[in-house]
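One chain, chain A, links the two complexes that follow: it is found with chain B in the first and with chain C in the second.
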Partner chain A sequence: MKLWIEKQRYLIDFTLASLARRKARNIGLLLVYTLLVFMLASVTLYTHALRQEAARVLVASPEVVVQRMVAGRHDLIPPGYMEKIGRIRGVQTRTARLWGYYYDAVTKANYTFMVPAEDAPAKGEIVVGPALERSRGLAANNGISFRSYSGKLHTFIVAAVLPQATELVSADLVLMSEESFRAFFDYPVGHYTDIALTVANPQEVKNVALKLSAALPDARPILRDEVLRTYAAIFDWREGIVLALFSAAILAFGILAWEKASGLSAEEKREIGILKAIGWETGDVIKMKFWEGMLISLTAFLVGFVAAYVHVFHFAASMFEPVLKGWAVLYPHFQLTPHIDGVQVATLFFFTVFPYAAAVLVPIWKAAITDPDSVMRG
Partner chain B sequence: MIELSGIRKAFNQGRDNEYWALDGIDLRIAANQVTALRGPSGSGKTTLLTIVGCLSRPTEGRVRLKGGDISGLPERFLTEIRRQRFGFIFQQFNLIKGLTALDNIILPGYPTGRPRHELLARAEELLVGLKLGHRRDAKVEWLSGGEQQRVAICRALINDPELVIADEPTANLDSHLAGEFMGILESLAGQGRTILLTSHDPLVVESNVVQNVVDMRDGKLIQHR
Partner chain C sequence: MTRPADRAMIFLGLGGLAFFGCFVDAAWLRAAAVDDDAQRLQMVAQLRLTDLALFTEARYTRHPSQADLHSAFQDHPLAIEHFPTGSLIGPPAGLQKVGAGEMKYPAAGTAP
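Up next is the complex of A and B:
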């Protein structure tokens, strides 16, 4: 056992010395390899964390949202609609909601104006999202004026700014009282934007939606699960776009790795011959070269992954932010909750480390089984 | 010590360019003596050396080492014999560039798993013995031809082999260095090692150190002194 350990130590020693002897080549390869792992890991870590974030925030949202449709377009909920829903079994609570979009010419961005179900600000006061706080330089107790669609100027006092934790979905939010909202948008009394329903039994959500469609043929029920799926699809799509852009880089790396790893130089072949001639076994040579490849790919994977982790969770993925995050024009600025998925890491490992290790092995095996007498003739 | 009977070696066997480098060699290499294989280029000296040194197998014939037939042994066992019994000094020295003299010398010791301190102590002893102690940490590409050969000799002796094989050891040395090599050869022979070398250098084959000279031509033995 001691002998075996000593042998492995020698192999590792020699491997490290080998790597150091071809410094320029190996550092170049390591840099490109690390950069590739960094980019791939950044994209996957980031989109995964975004999906988690969206799911976390949406957990508290209603199971069903009912919208009224006229000519295939979203229309206001007229008075009397709420009562009809109340008779559907399985519905626990119903809340009529008021919200709408407002285009701010100053920041050239859309805000979402909304009346919260609870703790609505007092008349003339608003609570704003963190992105708005930044773009308009707002703070609590500041005043701000918006010109409504009717042309009238409305002035509000900022009562508070929403917490950063919810920024992904609250970046462009402006919360106000029902009275302020109706006055600002000239919203008719008794009308609402949509209705939020909570359903006690998650198994019943689909049945409730079916019953709603039957009872209110002009209504469109939107299920929370569908919203979650939509978010997931959006992030998947964005991840796909970025990965597609990277595919050229991946291909280039593949060619580089194949060329560097598979094409043993004449010098390396000569060395393998010498080692065999002086008593190294074929297995020792293969092990040594395999360790060389593994050391490069594992180092690249670890450094690339850790760098991606820091990039995503400490520097908010500043490189990919514009493509992967946000909607409207205001990009949410928020800290993602660190989250690593084992399967995701394993997949990334499989697609980056394994092909390189395989590319290294075949030519080394070929060189290692050649007769050692070739060195006599060198 | 080594007995060769009916040794034939073909290259590219079965192809149009089939070539028999050795054609029926019967030879006994005596233990504790210096034997030189002499002959012109292409006479089969080096091929015979690779077969004796377990670097390749004969196409036909038997090789016996201390009475045991080793000609049919699988690669793994040949490697082990090569490591334990033989030390090689190649014509081009075949040192590994980028490594120090000391690191090159201990390389054949790696597969044995011997403790590092033992290997290093032995390497130091050999370096000092060949007056190369001051160059232990120099990279081999910085060494002169003579120094490189002495490093190669140290490497050949690190596992304390019974038999040393040297292929054209003076081919890359001037007369002064060749003379120094003969001195080293004499001391190795004095230690009771069996030495087999190839050479067509008169300085080597006509030296008193060499007890046996085997003349070869066209893959055959033509004279045995």
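Up next is the complex of A and C:
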């Protein structure tokens, strides 16, 4: 065993000396290789963490949201609608939601105005999200005026700012009392935006949705599972777009690596010939080249992956954030909780380390089994 | 003086440690974020929120799960989508199936 280890050490020594003879070319290759792993790992780590975050947070969202559709568009829930839902078996609680959008011409941003079902602020007071606090320079007890869609100016006192930890879901929220909301939007009495339902038995959610559609043909039930699927689809799509953009770089690297690995230069061929002439066995030549492939590809993978992890979870993925997260005037500031998918990492390892190691070995094996004299003569 | 092979192995070993360190750091950060997670979950449950506040520029990007499928092209049927986020949200799954000449109106809240 000791002999074997000693032999490998000599082989690695020789490999490193051989790599050092073509220093510029090999360092260039290593840099490009590392950068490629870094980019791929950043995208997969970021989208996976964001997908997980969405799934974990939205698991607390209502099991069913009932919208009313008129001519294919979302419409208000009229009086009497809630009572009809109450007669559907399996529905545990019904909460009518009041919410809407407001475009603030000052910041050129949209806010989501909402009435909390419990602990709503007092009339004339609002609770704002952290992004709104930043964009309008607000603090507790400040006053702020919004011009409503009817043209009237409404002034509110900021009672509190929502915690920064909740920014991912609350960045643009403006919470207010039902009275203030109805006065601001001229919302008709007895009408609501939509209805949130809880269902006693999770197995019954689909049945409840079917019963809802039958009892209220103009209703559009949106299930929590569908919300989760929507977010999974959004982040899959974005990951795909970024990877598609990178595919040119991946292909370019593939050609570079293949060219470097498979096409032996005259110098390398001569080197193999000399090694065989001085008594190296075919197996030793292959082992040496195996170490060359492993040293380069493992270094690129480890450095690229660790750099990607630090970039995504300690520097908020500043390079890819706008494409992967989205674009908005009110941009939520949040730190992603790291979730690393072992299968994704294994896939990345397999597709970045093994092809290069294999591409190095094949031509070397071909050169190593031929006669040293003919190899040296080229 | 150490040999090049030893230096290379030490470097790769350190790289390997840093690689596994990422998993340890991730577990540590997850444990440290438990309170923040609980706050977010509580807010989602209390306000009955349905979407992340990631893309606030248009109503169908602020609440993609609640938007109807016409929203993105609301101006007229052939209108070009003009919000950057809108163009980055994928088309409905039904449209992407091979041979899907027509798409049935989804029963409910399918992925936009």
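What we mean here is this: the second predicted complex is superposed on the first by the 367 of 378 C-alpha atoms of A that agree within 3 Å, B and C clash if a C-alpha of one lies under 4 Å from a C-alpha of the other, contacts with A are read in each partner's own complex, and residues count from 1 in each chain.
Convention: a residue touches a chain if its C-beta (ideal position, glycine included) is under 8 Å from a C-beta of that chain, and two chains touch if they have at least 3 such contacts.
In this text, all values refer to a predicted model and were calculated from it rather than measured experimentally.
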Q: Scan A:Tyr10 for contacts with chain B and chain C and give back first, second, both or neither.
A: both
Q: Compare chain B and chain C by how many residues of chain A each one touches, and report the one with more.
A: C
Q | chain B versus chain C as contact partner of A:Asp371, first or second or both or neither | A | first
Q.
Which partner chains sit in contact with A:Lys276 here, chain B, chain C, both or neither? Use first/second/both/neither.
A. first
Q | Partner chain(s) touched by A:Arg97 [first = chain B, second = chain C, both, neither] | A | second
(Q) On the A-aligned overlay, A:Leu31 touches which partner chain: chain B = first, chain C = second, or both, or neither? (A) neither
**Q.** Touched partner set for A:Val227, first chain B, second chain C, both or neither
**A.** second
Q. Looking at the overlay, what does A:Asp284 touch: chain B (first), chain C (second), both, or neither?
A. first
**Q.** Shared chain A contacts, counted only where both chain B and chain C touch the same residue
**A.** 9-11, 17
Q: Sort out for me which residues of chain C touch chain A in the complex.
A: 3-6, 8-9, 11-12, 15-16, 18-19, 21-23, 25-26, 29-30, 33, 35-37, 39-59, 61-62, 64-68, 70, 83-85, 88-90, 93, 105, 107-112
**Q.** Residues of chain A touching chain B in the complex
**A.** 2-4, 6-7, 9-11, 14, 17, 20-21, 267, 270-271, 273-282, 284, 371-373, 375-378
Q. In their shared complex, at which residues does chain B touch chain A?
A. 46, 49-50, 55-56, 75-76, 79-80, 82-84, 88, 90-92, 94-99, 103, 107-108, 110-116, 155, 159, 167
Q: Show which residues of chain A lie in contact with chain C when the two form their complex.
A: 8-13, 16-17, 53-54, 56-62, 65, 67, 69, 72-74, 95, 97, 101, 109-112, 114, 116-119, 129, 131, 162-163, 165-173, 175, 194, 196, 209, 213, 220-223, 226-227, 229-234, 236-238, 240-241, 295, 298-299, 302-303, 305-306, 309, 313, 323, 325-330, 332, 335, 337-340
